[in-house]
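Each chain gets a letter, A, B, C and D, in the order it is written, and its residues are counted from 1.
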Amino acid sequence: MTLLEFARGPAFQASVLILIAGVAWRLVAIILLRRRPQFAEPRHGLPARIGGGAATILSRFVPRRTFWPRIAVSVVLSATFHIGLAIIVFGGAPHILLIHQLTGLTWPSLPRGVISLVSGVTLACMIALLIRRLNHPVLRLLSTADDYLSWLLVFLPVLTGILLSGETIGGYATLLALHIISVELMMIWLPFGKLMHAGLVFAGRGLMGMNFSRKGAAT
Amino acid sequence: MQNADDKGNANDDETLGAMLSARGIGRRGLLKFAIAMASSLALPPGVAPLMAANLAKAKRRSVIWLSFQECTGCVETLLRSSSPTIDQVIFDFISLDYQEALMAAAGTAAEKTLHDAIAANKGEYLLAIDGSIPTKDSGVYSLTGGRSNLAMLKEIAADAKAILAIGTCAAFGGIPKAFPNPTGAVGVEDLVSGKPIVNIPGCPPVPEVLSGVLAYFISFGKLPDLDERKRPLAYFGATIHDQCYRRAFYDQGKFAHSFDDEGARQGWCLFELGCKGPTTHNACASLKWNNGTSFPIQSGHGCIGCSEPDFWDAGGFYTSLAGGSAAGWRNAGIAAAVGIAGGAATALAARNKSRPDPEDKP
Amino acid sequence: MKNYNFLDDDQLVDALLVEIAGMLSRLIADGEEGAIDLLGLPLSPSCVAELERRLGRGEISVGLDAIGLSEIRETGFPGVWWTQHADGSGRVIARLIEATTIPAILRADVEDVKRGQKLLLASTHVACKTSRSAS
Amino acid sequence: MNIAPTPPAGGAIHPSEEQVALAMRGFLADIGPASALALDSCIHCGRCAEACQFYVQTGDPRYTPIHKIAPFKQAYEREMGPFAFVYKLLGLTPKVSAGELMQWQELLYDSCNMCGRCSLICPMGIDIADLVEQARHGMYVAGMTPPDFLGVLAEKEKSTGSPFGMTTQQLQDALHDIGAKYDVVMHVDEAQAEIVPTISSIDLKTYPSSMAAIAKILNHMGASWSFRTDGFDADNVALTAGDRAGQRKITLGVVRAAVACGAKTLVMPECGHSFTEMRWEAANAYGKNLPFRIVQITELLAEGLANGQIRVNKAPQNATYHDACQLSRRGGASAAPRVILQSLGVDLHEMEDAGDANWCCGGGGGVALIKRAQPLRDKAFAIKKRQVEATGADKVFTSCSGCRQTLDHGGKATGWNKEVASLLELVADNLRD
């Protein structure tokens, strides 16, 4: 079995299963914690609260104007990096192909030049974010091993993806295998660390939006 | 090839230069051959005169060709070149002393030829092999004259100057080795050690590669530079993808999505249709087939990666390289159930730690 | 090799012409001959045609018939030769640009000359019909 | 759950192992899906620091809001997280130490107004202010509240029903004295009343005029109303201290008193936290829906102005309005004060970030009751001062006595001459008959 076969076969299957089990575990372990009933008369009805939750999911993508001057660097870097990742994952031809083969869904891909450019920008943003994390006093205080591991596990797929598309070092098969394995490592870690925020962000914002809408508070 | 055989061993002491002159091929022809071979082997053009001079001084080289667990496709391919091509000149340089499919002799006469050739050229002959070698049950699945391929290889390889493993079966085991590999087939390099081996994989291999390797070996007395899989770098150094004339479409993200869509008609990249070009090392895209006429991608089909180890088991021919095999709904369901059960157990344990009542009661 | 798609024909041809000029300067300085194997380069047919056009034709054009036909001709630039070899089936097996005062393949080889001389002498002493058997 | 009967209000002493264990249990006591989700989704982006007045003013990274709950989060990750048992097994989540608890006392109390500005900036939607409140509960049960007013007041409130230990008789007397002094008819402990206003001890002690103002307005409206001395305490210092039992006791006292007189509307005074507590937690403490509604005084005023029950003269003046975090951002009552100011013809010069994104005065969340926190509080106050000055207004209105007091004190400390006034009193002073 070659490295590529391993990456595409057992490793892929194992990482998908770990991802599914881990995500289910984490979500259920949170959802089933003790809840207390709320008896206070809400300011708004349920439809408005659901609307508030949905609105918060969207509105928190862009911070309030008053916060911008102090967090612009953080917002621009992380937004660029996240949008870049989304473009690469959902716009790159090989990725669409994989999704197509797994789910039957497909859509047009972006030109390779665009993906290459976006990959470069994404990589640069990630490096800048790491440097920031290593230097900013607040981030240094907050950062844990999870932060650095998660960074690495996202960085590696981007890096190997760039090397793969340029075929700069090593053969296509080796780079492809490394790229796939790096993604699989990320999938395996996702349920256990901060990468889980990819899903929790929507739950967290939605729940806050609903709770705050209940109180009529600012979201 | 028959020519080479017809001539027998009469001219064995003669140099190749003299022999060719006698046949009306002068030194200009030899130099031209050397130029073509240097080009094919990706050697600098300046090497050609030296190569021609070496060839002129060289003696014909005895070649013993053994066919093991194979389909004769490799031999067919080498014979199918239209005459007279430059590649066939190479057969004037060798003395093909044993080749079961081509030789007139049969039975004990053939056996005798083989033993005579081995005895006469001990340590100097080239051993060419096509087909894989069954190893299961002492190699009983392929026999010649009652002897297993395994035993023959061991014996004949011992006195060879170098070994040419021709075709994917001889090089890597090929289709016989594909799952479930009932005969325990393997390639030559899995059984022979301590001898120079050159693999010329392909199902079938590109004929020009064999010509180039032979010309190099006869000119310089050694094998050309090889990659980590013992393949001549000059022919296997780049992937099909790297040399493909459709590469520009890949770079632009223009892909055929099916064999009859607009992209396919426009000749766009076949990556999505399962082309294995990016992972396949071979010279098809540059040398092409049938005297440079075409190659699979040019005729609209993706590369199937036939020159790579285990190509038969490396996913479907029409499965894109980007694809992976999903875990299946059943396994996914089990994983989700495990996760839900574990998560629920954790949550229930955690509930005991939170306050059951809003009041801080003892 | 990887990025050839990003160069257009003009850029490639210019690059080759600069390389040829470099070979000529070495030829002038110390008599060093040079050659470019065009088949070894990933050039499109249109690019080859453009290169051929830019080089032009010079004073000499020679046909060679040995294991197929070959054409050796000087380009519009003295010392730069366009050499194209085909095999018996007409397929091009080598295409070179050579920087040399005269391509080596045009010179008669000593061994060939020796053989020719024998044949020549033979042809003076015997009848025409028997002289042909030597070939 | 065994809670220390009377936690030492001091807490300056190094906490014992038993206290640490109590804190751990206290931290976990209220964690439900929402808190777990919040704790699980933090990505350590550090943006909350940039919303916090204490970090912005000092640049000290320890004042990063999410860092202030570190021991609380650690307790969760060690004991309750989805994979807590694995981390515990691998020794990746150590116990919270006594020393850490000591260190975090300052972070959880002195340097957090629970103003919720960080909750507004968090890209993950984490309500950090709410987590701080839960973390304070753990500190309280371990007897780790600051050795200061906050702890002392909370204790007194729990045992007597008022932070200042006021008896029913004393309160009745005080209310009647105020009625006499300001010439207002006072309704106290009447058997039936539709509207029941609650009382903030700050008002009682520092701004008695505001009690007169509310009486005057309710009389003007012709309402059936009454103070109830058997359940009046709107402060709920217990809430800010983290005392769940005390918080519940105070809250239920107010609810039962209102139920007893058949109230339809319970009015919360000019106070921030008390509104949050009563509006959203009283029903939960009561265990079912309340038979009356709860409004903050500005909401009642805006409502009365709108339906004509309250009629006012114009009082043109040049002023700005300071939002109480708990009423505007956290309480959803940003609009009412502005309606009132408009009705009175006040020329309102809004501060930068007014409304939802306002900055705390610096005293919220009980910080005003911690003496040693004053230097820090003053730094937060500097923002407010700068913002008020930038508006060019002569006067600052607010509808929270806590804010009013902090602004008064801050103004005095820094020789600031801006007048800080109550919105309630403004209305009371300009009623038109």
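Everything that follows uses one rule, which is that contacts are C-beta pairs under 8 Å (C-beta built on N, C-alpha and C of every residue); 3 or more make two chains touch, one makes a residue touch a chain.
Predicted, not measured: the structure shown is a model, and the values here were computed from it.
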**OP:** Write down the chain pair with more C-beta contact pairs when A-D is set against B-C.
**Re:** A-D
Original post:
Of all the chains, which has the CA centre nearest the overall CA centre?
Top reply: A
Original post:
Taking each chain's centre as the mean of its CA atoms, how far is chain A from chain C in angstrom?
Top reply: 61
**OP:** For chain A and chain D, let me know how many angstrom lie between their CA-based centres, rounded off.
**Re:** 37
Original post:
Centre to centre, by mean C-alpha position, how many angstrom separate chain B and chain C?
Top reply: 33
Original post:
Roughly how far is chain B from chain D, going centre to centre by Cα mean, in whole Å?
Top reply: 80
Original post:
For chain B, which residues are shared contacts with two or more other chains?
Top reply: 242, 251, 343, 346-347, 350, 354, 358
Original post:
Among the residues of chain D, which ones contact at least 2 other chains?
Top reply: 31-32, 80, 82-83, 284
**OP:** Could you check chain A for residues that touch two or more other chains and list them?
**Re:** 25-26, 29-34, 36, 167
Original post:
For the protein chains shown, what form does their contact graph take: line, ring, star, complete or other?
Top reply: other
Original post:
Of all possible chain pairs, which ones touch?
Top reply: A-B, A-D, B-C, B-D
Subject >> Contact footprint of chain D on chain A as seen in their complex >> reply: 25-26, 29-41, 43, 56, 60, 63-64, 66-67, 70-71, 74-75, 78, 136-144, 147, 192, 194, 196-197, 200-201, 203-209, 211-212, 215-219
**OP:** Mind listing the chain A positions that touch chain B in their complex?
**Re:** 2, 4-5, 7-9, 12-13, 16-18, 20-34, 36, 93-95, 97-98, 101-102, 109-113, 115, 167, 171-173, 176, 180
Original post:
For the complex, which residues does chain C have touching chain B?
Top reply: 1-2, 5, 33-37, 39-40, 42, 64, 66-68, 70, 85, 87-89, 91, 93-94, 96, 98, 104-105, 109, 111-112, 115, 135
Original post:
Which residues of chain B touch chain C in their complex?
Top reply: 17, 21, 24-29, 31-33, 35-36, 38-40, 42, 44-46, 49, 56, 82-86, 89, 238, 242-243, 247-248, 251, 286, 291-292
**OP:** In the complex, go through chain B and note every residue touching chain A.
**Re:** 239, 241-242, 250-253, 255, 271-272, 278-279, 281, 309-310, 313-315, 319-328, 331-332, 334-340, 342-344, 346-348, 350-351, 354, 356, 358
